[in-house]
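Dropping the structures in below, format is structure tokens.
Two complexes come next, and they have one chain in common, chain A, joined by chain B in the first and chain C in the second.
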Partner chain A sequence: MRETREQLSDRLRLLLLLDACEAAGVAPIALARLHAMLFFASVLAPIWSVTSIDGKVLKDSDGPFYPDLQRELDRLVGLGYVIVRDVSYVRESNRWRLNASYALNTATTGDIFAVARSFETERRLIAFLRRLAYAISQSEGAIESFVGSDATWSDVRTGTGDIIDFAEWRRANYSAYVAHSFNDFAPTTTGATRGEMLQLYLRLLERRANAS
Partner chain B sequence: MIVFPIFQALTIENYGLYPASSAEPFVVNFEPGPTAIVGVNGSGKSTLIHIALRCLTGPSTLPAPTTAGELGHIQPRLVALSPQERRFFAKRVADGAKAAFATLRCMFGKRVVEIRRRLSDLSLVSIFVDGKPIQITHATADAEAMYQQEIAKLFHVASAFDVSILLHFLVFMMEDRRTLVWDATAQRQIFRILLPPDRASDYAAAQQEFISADSAFRNTRNVINRRTKRVEKSERAVRQLDSAEAARTMLVAQANVLREQLERASGERSRADADRRDARLAREKAAATRDALLRELEHMKFQALGHRLGTTNDTVKYILTHLLADDECLVCGTSPSPAGAKIDEWVRAGRCPICGSAAHTEANVESLSAGDAKRIARLEQQLELAEAQIDDAEQRTARAHEVFVAADALFIELDARRVDLDAQIVQVLRQIPAERAAVAAVTDDIDALNRLLDEDRRGLAAAERKFRRAVAETVRRVEQLQDDVRRAFQPYVKVFLKENASLLYRTVKAPMGQSGAQFEFPAFQLTMSGGAIAGEALREGPESVSNSQAEFIDLAFRMALMTVASAGSAATLVVDAPEATLDFLFAERAGQQLAKFSYANGGNRVIVTSYLPSEHLLQALFAKTKRVPERRRRIVDLIKDAAPNAAIRADGPRYEEFLEKIISRSGVAHRHA
Partner chain C sequence: MRRKGGKKARHTLQRGRVVSATDGEQKRVRRVQMFVDPFDVNPLGGVQPSELRAAAFSPQQPAAPELDAPEFNIAFESVTSALATRSANVLAANDPKLRAVFIITDRPRDLGEAVGAEPELFLNNGSRRLVGNIWIAGPSMSSGYYLELLGESSADLQQALVSRGLGDKAAFVFDPTATVPELRYYPRGVDDADTVHRFSFAASSFSLEALDEIMSEFYDDSLKTPEAGGTEFTPWAKSSAYIPRKRTEVFIQGWLRSILKARLRNCEIHAEIPTDEGRADLLIVSKSASLNSWIYHAVLELKVLRSVTSTKSAVPPGEREQAVCEGILQAIAYQKKLAPSVAMLCCYDMTKPEHCIGDACFAPVLRKAKAWHVQLRHYRIFGSSKDLRNAQYGDDSTPKSRPRKHKKRL
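Our next item is the complex of A and B:
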């Protein structure tokens, strides 16, 4: 079977994300958390001037889930780049879901990262994903529970069951607007760094989630 | 919060269709819970509920939209029934209903209201609120106007028009079967009424103002166009146009053509955008469904494998279950895998999935059960279906996206040409000498009209802004309520449908007036699973579900809206002949759905008519009414009380016997006990 460029690119981004989890000490990462992280990596990508992993997501009552990326993750397990643990299947909201934890197989992925680091775009993506994973590692709560408080996800103009389009055909990424707005409150001489904006935004979501 | 009427009693006097009403008033009481009005065809069941409706609306009705899409555009004003229509009840009896009266007693919250009308012409005789009469003038028109103000106050809405919308689209489901869930324009009216009365009234005024401004603008433009043509003709006759004027005329003509092209391109772009969004939604839903199906398959096969491979190697199990469920090898990516069928056969036979050894079986577990095998076969079929849906939706998305890109490019190109043309017109106008008095004389009135057009244009822009604000307020209101409506819908739709169905909230772009202005209106749409569909898909019109499903999905939507709009207070729902299109199983579920609403709240009333096609609906509707006398009380028997027609004369006892079976719960009672 011949893979498309999008599939290969999705696989690389998944590996970089798992590498970031490894670096931040949050590996192995459970499936729901991984998809929540993919969501945040997509909506917060503009802060780091990187392209969103996916500019849209189905607004499901169980939170974000990317079936196409999950397919590629499954392949990465088969290819031996990703190790899977604690596999089980649960029935939730009238449908079946996979439960598992994923970690990078560091023994097989070294060469891939060596090549990836030689490209500027991937270096920037690695820096962004690692910063995101660090920010997440410092949260006390589970990040999947923050999604409901996210500015883009909670926009009531998109009903549950519809598609949230924030960067595919529309430009309506409220999460990035909010994160950028922290810049307005930072000392005028320096402004908030990208990392601070990301960190502050996730902290805001955590506080909102705890308050609700 | 809207206050819905809670029907208590309908009293008919001296109306020939119900002979019992001549000797003494014929009283139909409505207790909390269900009531059924039963009788043979033509015995006056629908007439009875029609009388209740007319007691409330009087001799006025909603203006008839000429097309389905126009309800959102109609003037929010009631129209008077014609003298012929007012005699609707009179025409059904020999004496013209000369001495016939109907009195509807209902509660609005804690207030008791009695409305009494003449059946000969629907005129208002009296209205009592909490036992006190409301003073009405003698002139019929004034009396109705006063009544309409009073009834709007009781409903807590802005106008009698809003009362009629609620009655026709929520409270009464009559023979015309006006559906709400597929009628975005009717939903707009309901959502407007959900605003506080003064805001709902402002919305209606803003809409009317916009439509009037739009029409004024077009009228003036048409007058100018006609005059311009005349003037241009005479100008051409009397003198030679110089090149600048010729250029101006040509450019203006081009600009007019361009404006029309722009309007068309804008519409085309909106349509294409909506199409590609729908296709993308279908694709994403199918992909999510595919994943869920795949995981269920994996789960079943994973359970079988768990025993054979022990707990040590999750990755091997993960790869094997995926191979078994999706026939795809995660290691090399081959799909379908050549070994898939063999391994599947081994697992089904309880053999080792790696080498096929039979010895392995003895030490371990049994092969897959027949039930599991059947479920697996069904899941595999659905998985194929989901794959096909994904492919189809991807193709649709790609096609629609292509159309959108082309429409967008055309729009941008036309708009750029328009800007360019405007600049050229300004340039040319500067070249025309101002002193051309002769031309000025004949074009003076056009100039005046053009000023008027400018004023109209400004008026239209202001009206558009105002209406946009009103629409945005409704959108916000519905957005606040969307989850409540979706939740309230679930229990009612679940009783009737075995498929999964949900409401999807979205805003829908629609034009208003003819100026091309588009507005984003709130709307609920239906997503539903089905035999030939994997997962839930958007059902865009009543034709995308069966007739009977359409009706009861709509009823569930009405029930949800009434629950949310009344903030859970009691309400009445009246359904004419709900079982007309149902088989026996669906008739039973329909009865359960109606019963559920009737008991959802201590005070709800559900009134249905039935021509007794079967006993199933009524048995389910009265399942909670165990005692025979109470059942008898809740069934209005028009076989006995209506004027006997040929069917009754011939087969009256048989009808009575059938009805008695329902009342005494014999025959099928065990199913509902």
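Our next item is the complex of A and C:
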């Protein structure tokens, strides 16, 4: 079967995300956490001047889930680039869901990263995803529990079961706006680094999640 | 790394005028245009404005590393932060005086499992004793793997690493047994024990004397001669020809920030903060939690004096003098705006021996500096140890006599 460019692009992004998880020491990563990271990588990408992985997401009561990316992740497992562990089934809202943890197969992916690093766009994406993973690894609490506190996800103007379009057809990325707003509280009220914006935003989510 | 507004402001200052180039309202408008629809009545989505301030001023332990930095600086800041957080824990008083090894890798799981290390979930929150162990972790050091480090001698340490196949891995070694606790970095592992970079780990409270001491140590350990820094930390592209590396100011600033952060543990170090009057290269602040505001301790304006650029173009003497004159104006502008305890102009002098005039580089600005209480510091960076010896003992040493006459007076 011939793969489309989008499918290959999705696979590369997934591998880069798993690389970031390895570097941050949070691998293997459980399914729900992986999709939460994909969500945060999408909404916070503009802070690092990187294109969002996906500009929309279904606001599901179980949290974000990207079916296209999951399909490609399963293919990466089949191709031997990703290792799957702790496979189990969990019951959620009268349905069964497959649960597993994923990790990079570093023995087979070295050449892919060597090629990816030769491109400026991929280098920027690697830098962003690693820093996001570093920031997430320092948070107290599971990142999937922060999704409900996210500025874009928790906006009441989008109901559960609707599509949150924050960068596909609309400009409604409240998460990036809030992260960027930390500039107003930096010394001299003029500037926070991109790293500070990421860390402060996750600290905000942590506080909100703990308060709820 | 930084926003356009700051650059514009810097140009404005270089022309010698102090004007308001950016303000909060303009930034807010730009932010709206970037991320949300301009007609969106609630651009904060589900977040309340009061929550932002609370998060921005909430204390954080351990101190987070600056993520907008090279991975090595992130690793260095994470290691020093983890050690500092542990030393702040009351249980640390019972920690034995043993060394700790930190192997920072982007594949901690692979390496940890390969050498049979035990996983540890809480590595940087101060709860875990760090000394007496070999740690394998990623640059953020939030979790990792550990092996027990048996023996107290340096030979035991080397043997423990080599026998596990870790002798060639880049490693930080924390030594609390030294007179002044120190962190050593072996970029090629302990297999090449001669290639080592030393950092003092003594905690300091902010004062002008402490700042001077830290900056002098950083200069001696990392910048003074090419050998001081080693290949990992050199500010040079080709030291023998006095060709500095690209963006030398950013390189020095990044390292100075990491070092200051490791030593001044009650302070936060902010780099290249754009202000209305230009750019502060380093800002030392602390949070006033009760007032939700900042206490400004020091503003450091960093200037690099060169004979040639990184692209090997010659730099005329007038340009070096201009850099010093601009530096003092910037330091004064920051002092007027932020009112820090200390405003300092630091010149890192990378000129060839025949171009170096030592402290006399400050001659055109002495009067201004005295009037505005700006501290002046000159750090001579030598292209070789031979030039250092010549400067200290030889005939062609750096002139320390009368400063040459300058036409331009500020």
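The criterion applied here is as follows: the second predicted complex is superposed on the first by the 209 of 212 C-alpha atoms of A that agree within 3 Å, B and C clash if a C-alpha of one lies under 4 Å from a C-alpha of the other, contacts with A are read in each partner's own complex, and residues count from 1 in each chain.
Here is the rule we use: a residue touches a chain if its C-beta (ideal position, glycine included) is under 8 Å from a C-beta of that chain, and two chains touch if they have at least 3 such contacts.
The model shown is predicted, which means the values in this text are computed figures rather than measured ones.
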Are chain B and chain C a fit on chain A, or do they clash, once the structures share the same frame?
fit
Partner chain in contact with A:Ala172 - chain B first, chain C second, else both or neither:
second
Output check: A:Arg208 vs chain B and chain C. Expected answer is one of first, second, both, neither. What do you get?
second
Could you look at A:Val156 and tell me whether it touches chain B, chain C, both or neither (first, second, both, neither)?
both
Give one of first, second, both or neither to describe whether A:Leu79 is in contact with chain B, with chain C, with both, or with none.
first
Which holds for A:Arg117: it touches chain B only (first), chain C only (second), both, or neither?
neither
Here's one for you: vertex at chain A, rays to chain B and chain C, all C-alpha centres; what's the angle to the nearest 10 degrees?
140
In the superposed arrangement, does chain B or chain C reach more residues of chain A?
C
With both complexes superposed on chain A, which partner does A:Ala100 reach: first (chain B), second (chain C), both or neither?
first
What does the superposition give for the shortest Cα distance from chain B to chain C, in Å?
10
Which chain A residues lie in the overlap of the chain B contact set and the chain C contact set?
156-157
Chain C residues within the chain A interface of the complex
1-3, 6, 22, 24, 27-28, 31-32, 34-37, 40, 42-47, 51-58, 60, 64-69, 71, 74, 106-110, 124, 137-140, 142-144, 268, 270-271, 273-276, 280, 283, 285, 294, 296, 337-338
With touch defined as at the start, can you tell me which chain A residues reach chain C in the complex?
19, 22-27, 46, 103, 106, 130-131, 133-135, 137-138, 149-157, 170-178, 180-191, 193-196, 198-200, 203-204, 207-208
Counting only contacts in the complex, chain A reaches chain B at residues 1, 3, 56, 58, 60, 65, 67-68, 70, 74-75, 77-80, 83-87, 89, 91, 94-98, 100, 156-163, 165, 169
Of all residues in chain B, those that touch chain A in their complex:
273, 276-277, 280-281, 284-285, 287-293, 295-296, 298-299, 302, 314-315, 317-319, 322, 329-335, 475, 479-480, 482-483, 486, 500, 502, 504-507, 527, 536
